[in-house]
Each structure stands twice: as structure tokens, then as C-alpha cells.
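Take this structure first; my questions come after.
Note that the chains are named A, B, C, D, E and F in the order they appear, and that numbering of residues resets to 1 at the start of each chain.
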Amino acid sequence: MKAKSCRKSKTTMTQLVLPNDTNVLGNLFGGILMQWMDIVGAICASKHAESQTVTASVDNISFDNPINLGDVVTLEAQVSRAWNTSMEVYIEVYTSNIKGKAKVKSNHAYFTFVAIDLESKRPVKVPALTPKTSEEIKRYESANRRKEIRLILGKRLKPKDAKEIIDYFGEFQ
Amino acid sequence: MKAKSCRKSKTTMTQLVLPNDTNVLGNLFGGILMQWMDIVGAICASKHAESQTVTASVDNISFDNPINLGDVVTLEAQVSRAWNTSMEVYIEVYTSNIKGKAKVKSNHAYFTFVAIDLESKRPVKVPALTPKTSEEIKRYESANRRKEIRLILGKRLKPKDAKEIIDYFGEFQ
Amino acid sequence: MKAKSCRKSKTTMTQLVLPNDTNVLGNLFGGILMQWMDIVGAICASKHAESQTVTASVDNISFDNPINLGDVVTLEAQVSRAWNTSMEVYIEVYTSNIKGKAKVKSNHAYFTFVAIDLESKRPVKVPALTPKTSEEIKRYESANRRKEIRLILGKRLKPKDAKEIIDYFGEFQ
Amino acid sequence: MKAKSCRKSKTTMTQLVLPNDTNVLGNLFGGILMQWMDIVGAICASKHAESQTVTASVDNISFDNPINLGDVVTLEAQVSRAWNTSMEVYIEVYTSNIKGKAKVKSNHAYFTFVAIDLESKRPVKVPALTPKTSEEIKRYESANRRKEIRLILGKRLKPKDAKEIIDYFGEFQ
Amino acid sequence: MKAKSCRKSKTTMTQLVLPNDTNVLGNLFGGILMQWMDIVGAICASKHAESQTVTASVDNISFDNPINLGDVVTLEAQVSRAWNTSMEVYIEVYTSNIKGKAKVKSNHAYFTFVAIDLESKRPVKVPALTPKTSEEIKRYESANRRKEIRLILGKRLKPKDAKEIIDYFGEFQ
Amino acid sequence: MKAKSCRKSKTTMTQLVLPNDTNVLGNLFGGILMQWMDIVGAICASKHAESQTVTASVDNISFDNPINLGDVVTLEAQVSRAWNTSMEVYIEVYTSNIKGKAKVKSNHAYFTFVAIDLESKRPVKVPALTPKTSEEIKRYESANRRKEIRLILGKRLKPKDAKEIIDYFGEFQ
């Protein structure tokens, strides 16, 4: 399998916040935004893997500013690292209101997807990722640290074995 | 404002996985589960706060086992810590298929909500939380560590100032 | 098949009234509430039967007080009687608004479900029900009278053969 | 206010059963059918009343035959009686599959709606109903008996005061 | 296969504009109206063909007047011409608000559907159409001109070969 | 108001065909695709106009190849001409299945939107469009011919006054 660039599977989704998507305060409902992130991330990972994918995990997402009814939400997803059968996807969310104001970044998140064969319903191998820009390389390199956090939180790694994180925080001690 | 127990705002939601909720593989779509978690968490936080709430952040969620069409999903939410205007809610997801098998835990996650006044749309103070069982106390105490992680990830705290985490990982060095 | 208690299959669903669920007056749309009742009832019946179920009938439901946007709706379902392949489920609906007011009962209804085998798509036998509290016993005993009403309304029983109802109303004559 | 005929507000709705509307067995989900009934009934009542309406109650509905994915569902609603501010609407549901088979009646139900003024959110008077065909007259006359049943079930009428029903069943004793 | 009249497959759908169906201005969202048109048209074509159908094309639709929240929308579909395996369906959309005003025509459109066999997923022959009223005959005869426009726009017919249209517009030159 | 380029408001939407979006044959439902086109077109027009917009008309759309469950649909919208208060938007739809095949164009359509002021609900002026590439110029120039067709079809222009079209087809006579 040939390694692929980040750009090859980059995916953009645009959504308009309709009454259907709002909470009691008239803003975009957090659960709807997460659903959009999940879809755009899955499409991006599926393009890289050339197979169906399922969501394996979602990293911390923070919702800092309310997104209003009528706002345009742009979601950009790109693979930040590929391992054996799983991929980490970096998703950025931009919001702009219609009245000419510049779009502003409102969120970002890392989702992890596993490539699945539709027949056997078993994980399948995915191509490696070749990061190119300095941003892409930075996200590629920090991916293992995020993976350790996921494993600790999923109780599949003991904190004392989280080598990357121990090094990272240990040096501040 | 009088402090409240965890039990006072505990909230249970039950859902049946309908065709409408499935992905291409015929399993529960990750984005739908996150939406259910967001709603049950918001209801729980709103009960504690006695006001409307908005989602401020979602911590790492992992999706280990596929949930199938026709499965029953039970979501249980309880406040794990309350700060000034925000609350951390702990959500557990249990799944059972109909054919008599015991329900199994399939996920858990921490969501953070901010109490909002419906008129002014500004944050409002929330009651303190009084944890009682040993489980509740453990989650209450580890909440500050999770909050530091959120602040680091949201770039509002420098890793070198994350006192709780440095202590925690530093001692493994 | 071993008889089961009511408590064993009791099911709680919590919903938040979102803009998506409202009618032109800004209140919870009756059709949405009926859909929630149907789902929570089906889950409850399926737990008792340990098989898939389909809705066979819905008894009279009255909607006395409007339920508002932003209200929290709690639905509690429990089997009130089991016959050969069908079960009657009693569903209570409670509503509370966020601003600290006590939750109030807003509706109740009886739904009937038939247990269905997923392969053959034919009805299957369900366990008997053992009512315990005086409330449960009362609902268990009045179930046959409600069943007669359903049969009369479905034109499968002639009013003159509705023994339980004739006795009940006859004595007022 | 001038009395109106049944025909004046008769309303027909046609729906196609899409994957979105099905339960785990691949049939039309009971809750979706009830939602369609509620909408077609509300439109019919609103036409008669010339005002918005809210659902006040639903009488017994039985679901005898499964309705399949791809079937066409036709719902016909007509006012069967009007009182002061409320109306009873009779709804018939017909189903046909595409492959040329004749449509068959699969359900019927009585829904009650109250006319509401959009400004004051208070009930408003509705025109009287003039039944014409023998079917319409029969349903008009039996409406008071159904109303008594609703009042008894809603605990707003004591069984011993249900004059129409006592007469009806009493004579079989 | 016996030819059929237009009336035989005429289909009426009634919808109530709910908050769920509105755009940012509080009016019926164009995309929702198109979806309703597509469903009512598909049902109508399927009745004529006695088989499943898929949408082949949609002709020009104009949305002249906004349709408001709470309005009642009536869609009437009838086959205007049948060819070998495809049918043209004429759809009229009427709108009325509740407050007693007469319903007004708000749109019309021509949709084309192809009959499909559910097993082979291949097109199947459909019955001929026998137009009867002068309106039906007029629509039947102009159908070939509309078909040529579709073929030109779909780049499957060169403008210079569009005989009907050349004759029609040529004579104004 | 300063004229704008096409590129300035170009909008990309990506969607994954979920079970929720399919028809009885398991393919993307035509009505859902039209809804996606309407949203992406409205976002694009709103960006150009810097105001809210409503759909004024949709030109002929043809659906040549079925789009399957699990396919990725990419919609690209760009303004093709701006008049006084209205804009024509050109939308291209590309489809790719996951398994590595190249994406193929499956549809295109022209939608027309009118810019609306949110307060007064009246049309507002929009910036002119400056086409740049030869493709953009070609679509810009043919826009008036399409506008004439719309006006004829909407019965607001007599065929004999459709100057552009008469010239175009007349010369083939």
C-alpha cells in the first residue's frame, strides 16, 4: 500500500444552522455539531483508507462561542496520522455569519477511526501518511502522545507506562 | 444556594437503535450516540443548576464495541463536580440486545456544561455538589485534573502550569 | 418460562423538548410525545418478552396541559399484564421545567405490544407477570376490562359479550 | 358562526414508507403512523375551526397488520362532531403496496382537538358540524358516548354518571 | 398492459409547516418542499406503473411566494404522459393559512420518474396514459416539447435536433 | 457595492449517504439530494450577497445514475450571475464510493436565490459578479437565456418576447 499525503483525503463540509439544529437558547445544539464532525471525519478517513470506517474515539472538544441560527459552519477534516488499521483525523470548525463578517475558528478536535471491511466486518490495514507542511509534521509527531492519553483514559495503558507523556510533563517538575 | 447531592439530578435515558440511527455497517452511528449523550448530560446539568445549560466541552470518548440495530441503549448521567457556573457530568452508556443477555457497559464520558440565564444569555452561579459514595468522591476529586487537561488542550493553560498533572505524571519519572 | 416481576422490565426515558419537537404554538407536538411513548413502551415490553415486539394497540391518551419548549419530559413504562403472546404496558409521562419546579404528571396511557420472533416474524410466547404492589395488582386486574374495550372497539367482540364491562356498568343502572 | 359540513374540512394525506420510518422488523414504526395521524387530524380540525388547534386526546388505536417498507399509506381525516371549542376527528388509514394490489383499510382512530387562538393561547369557539350521509350521522351520534369514555378514563367523570354508556351496556345485563 | 386514465393514479398529500421545516426567515424551506414534491410524485408514478420508481429529472420550479410556519400545504400529483419505461408527473402545490383564507396555488412542477423492478433493479415497461379532459390532453401533448428541453439540458440532444422546440420558437422569428 | 469574483463565494459541501437518506431501492432519495443542493446553493448565494437569501427557482435537474448507500457526495456551488437582487448559482454534484474509485460527476443544476433583508423581509441589492475563467464567462453569458426560459415557464414572459431563445433556436430552422 502506497503512503498518501494529508491533502489527498482532505474533506470540507459546509452546513447552514437551521431551526431544526438549535437548542432552547436558539444556538447550534452541541450534539448536532458533534454529529457533523463525526460525518466529515468518517468521510475523510474513508478516503484515506479506501474502505468503510467506524468511529473509535473522540478527543476532548471545547465549545467556546455559541453558533447562532443562520450561521454558516465550515468543517475541514484531514488525516493527521495513520497507524496499522486506525487513523487520527484533525477537524477544524469555522463559523461565519452571513452579514459579511470574516469566518472565525470556533472549534477543533481529533477523532480516531478504524477501517473496516464491509464483508468480514473486521479491521483492515490502511496506507501510511506522509505529512508535508510544518503544521502537518507537528500534528503527526504529537499524535503518539494523544494516543497514549486515549489509552490511559480507556484504561488500556497504565499512567506509569505512558512514556511520551511522562517525559513531556516530567520535565516541568 | 444550597449544595446538592449527585443523586438529586441523576438522569436516565433509554433509546432503541432504529434504522434511522445506523451507519453503513448497520450499527449505531457514533454521531447519534454523542447527540444522545449531549442531551442526557444537558438535562442532568440543568436539573442540578435549575437553569438552562450549554455544552462547554466533551472529554475523550472511546467507542469500543459496535452497538447494533435493535439494541437498547441506556444512558445514565450524574453531576461529578460543580464549580462556579460550570458543572462536569459523568455519563455511562449501557447496551443490551433484546434476547435476554445482560446489559454491558459500552462507553463513558465526561461532558462539561455552563448554566445560562435564558433572559440575559449570561452564565449564572450553580449550587455546589456534595459527593457521598466512594465512587462519587473519587470522581469529584479527579475532576480538577480533568479540568487542567481541558484547559491545556484549549490552550488556556500552559503545560508547565498544570500543577495536578505534573505531580501525577512527574512521580513516574 | 419463568414469571417475572413488573420491576424487572421497568424502563425510564428522559427527553428534552427541542425546537425540532414543537408545534406552531411552540409546545411539544402531540405526535412526537406519542412516538416517545411508543418507543419506551416497546423497549419495556421487549425486556419482559426477551424478544422484539410490535405495537398492537394504544388506549385512550389525553393531553391536558401543554408541554413547553425546553421542558424535560420523563417517561416511565412498566408491564401491567402479560397474556399469551401480548403484553399491556402502562406508561406515565412527567414534565418539569428547568427552573426548579417539581415535576408533574402530564399523561398516562396503556399500550399493547405483541412479541415477535425476528426470523419467522410470528408471535412468540411471553413470560407471565407477577404483580406485587397494590398499584400493580390493581392495574393487573383491570387489564381484562381494558382488553374487552379494545376488542369491542376493534369489532372483534360484540358489546353484549363484554362480560366484565357489562357487570361494571350494569350495576349502576 | 355558520355550521359546516364534514366534507368542507375533509383532508387527505399520502405517505410513502421510507427506511427512515421503519422499526427493527422493517415495518412502519407505530409511533410514526401516530405522528402522521396527529398531523392530518390537526390540519382537518384547523380547517373546520379556522384557527390553530392542539391535540386534546387520542382514542384507542389498534394496529392489526404490519405496514411494509415501500407501502403507500393514505390517511383520510374528517370532523365527526364539534362541541363548543373542541372537535372530534375521525381518521381512516389505508395501505397499498405498489404492486397493483387494492388498497386495504389498516386502521382508524378518533382524535380530539381544541381550537386555540394564536395570540391569547386560549381556546376559541368552533362552528357546529352538520352531518349529512348516514355514516356521518352515525358517527355524530355516537360521539357523545366516546366523549363519556374519554372523561371516565381521564377521571373527570365517575363511571356511575356515564349516562350514555350505562344505558348502552346496562341493557345487556 | 392496459392504458390507464390520469385520474386512476392521482395522489394528494397534505402537510403542515412545522418549525422543523422552516428556514432562517421562518418560512418553509425550499428543499423541504422539493422533498415533498418528490415523494408525492413518486407515489403517483408508482401507482400508475404498479412498480417502484426512481426520480429521473425535475423540471424548472419557481417559488414565488413564501409559505409560512403553520400554513397547510396541499400537493396534487397526476401522470401527464407515460412513455416506454418513464412517466412525466405534473405536481401542483396549494397553500392556505389556517385563518379561513382560500387556498392559493403557489407552485407547479413536472417530475419524471422511471419504473424499476425491485429484483433486477432494471427499468420496466409502464402502461400508456389516456388523457381525458382538455387540460389533461394539453399537458399530454406538450410533454414531448418538455422532454426535448430535458434532453438538450442533459446534453443528450443537440439544440439543432430539437424539432418541436425549433418549430415552436422558430415561428416567432 | 463592489463587484465580486465567483471564487469568493464558492462553497463545498460533503455528505455521506446514510440509511436515513435512502429510498426503497437502497439508493439516495432524490428529494434528499435536492435538499442538499438547496442548502449549499443558499450558503453560496448568501456569501456573495452578504445577506440571507431565499430560493426563487430551480432549473431542470436530471438524475442519471443512482447514488448508493455509503457513497460520498460532494456538492460544489458557485454564483454564475448576479442581477439586481437575485443570483443564479451553478451547483455540481460529484459522487465517489469509498473503495478507491475516482469521483464522477453525477448532476448539475442552476438554482436562483433572492437576497432578503432579515428585518424588513424585503429583497435587497446584491454585488455584481465578475466572471474570470472561460468557464465562468460562458455560464455568465448563457445566464440570460436561462432566465428567459424561467420567465416563460413561470408565465411572466410570452414565448414570442423571449429574444435570446428565439435567436438561438430560430437559426436552426
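We take it that a residue touches a chain if its C-beta (ideal position, glycine included) is under 8 Å from a C-beta of that chain, and two chains touch if they have at least 3 such contacts.
Because the structure is predicted, anything quoted here is derived from the model rather than measured.
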item: Farthest chain relative to subunit E (centres taken as mean CA coordinates); value: B
item: Equivalent interface to D-E, taken from E-F, A-C or B-C so that over half of the residue contact pairs match; value: B-C
item: Intercentroid distance (Cα basis), subunit E paired with subunit A, Å; value: 42
item: CA centroid of subunit C to CA centroid of subunit D, Å; value: 19
item: Interface hub residues of subunit F, defined as touching at least two other chains; value: 16, 19-20, 23-24, 29, 39, 42, 52, 70, 118
item: Which pairs of chains touch, using the document's own definition; value: A-B, A-C, A-E, A-F, B-C, B-D, B-F, C-D, C-E, D-E, D-F, E-F
item: Complex contacts: residues of subunit C adjacent to subunit A; value: 16, 18-20, 69-70
item: Contacting residues of subunit A [partner subunit C, same complex]; value: 19-20, 22-24, 26, 29
item: Subunit E contact footprint on subunit F (complex, rising order); value: 23-25, 27, 29-32, 34-39, 42, 52, 54-64, 66, 116, 118, 121, 149-150, 153-154, 159-160, 162, 165-170, 172-173
item: Contacting residues of subunit F [partner subunit A, same complex]; value: 11-16, 39-40, 42-43, 46-47, 50-52, 70, 72, 98-100, 118
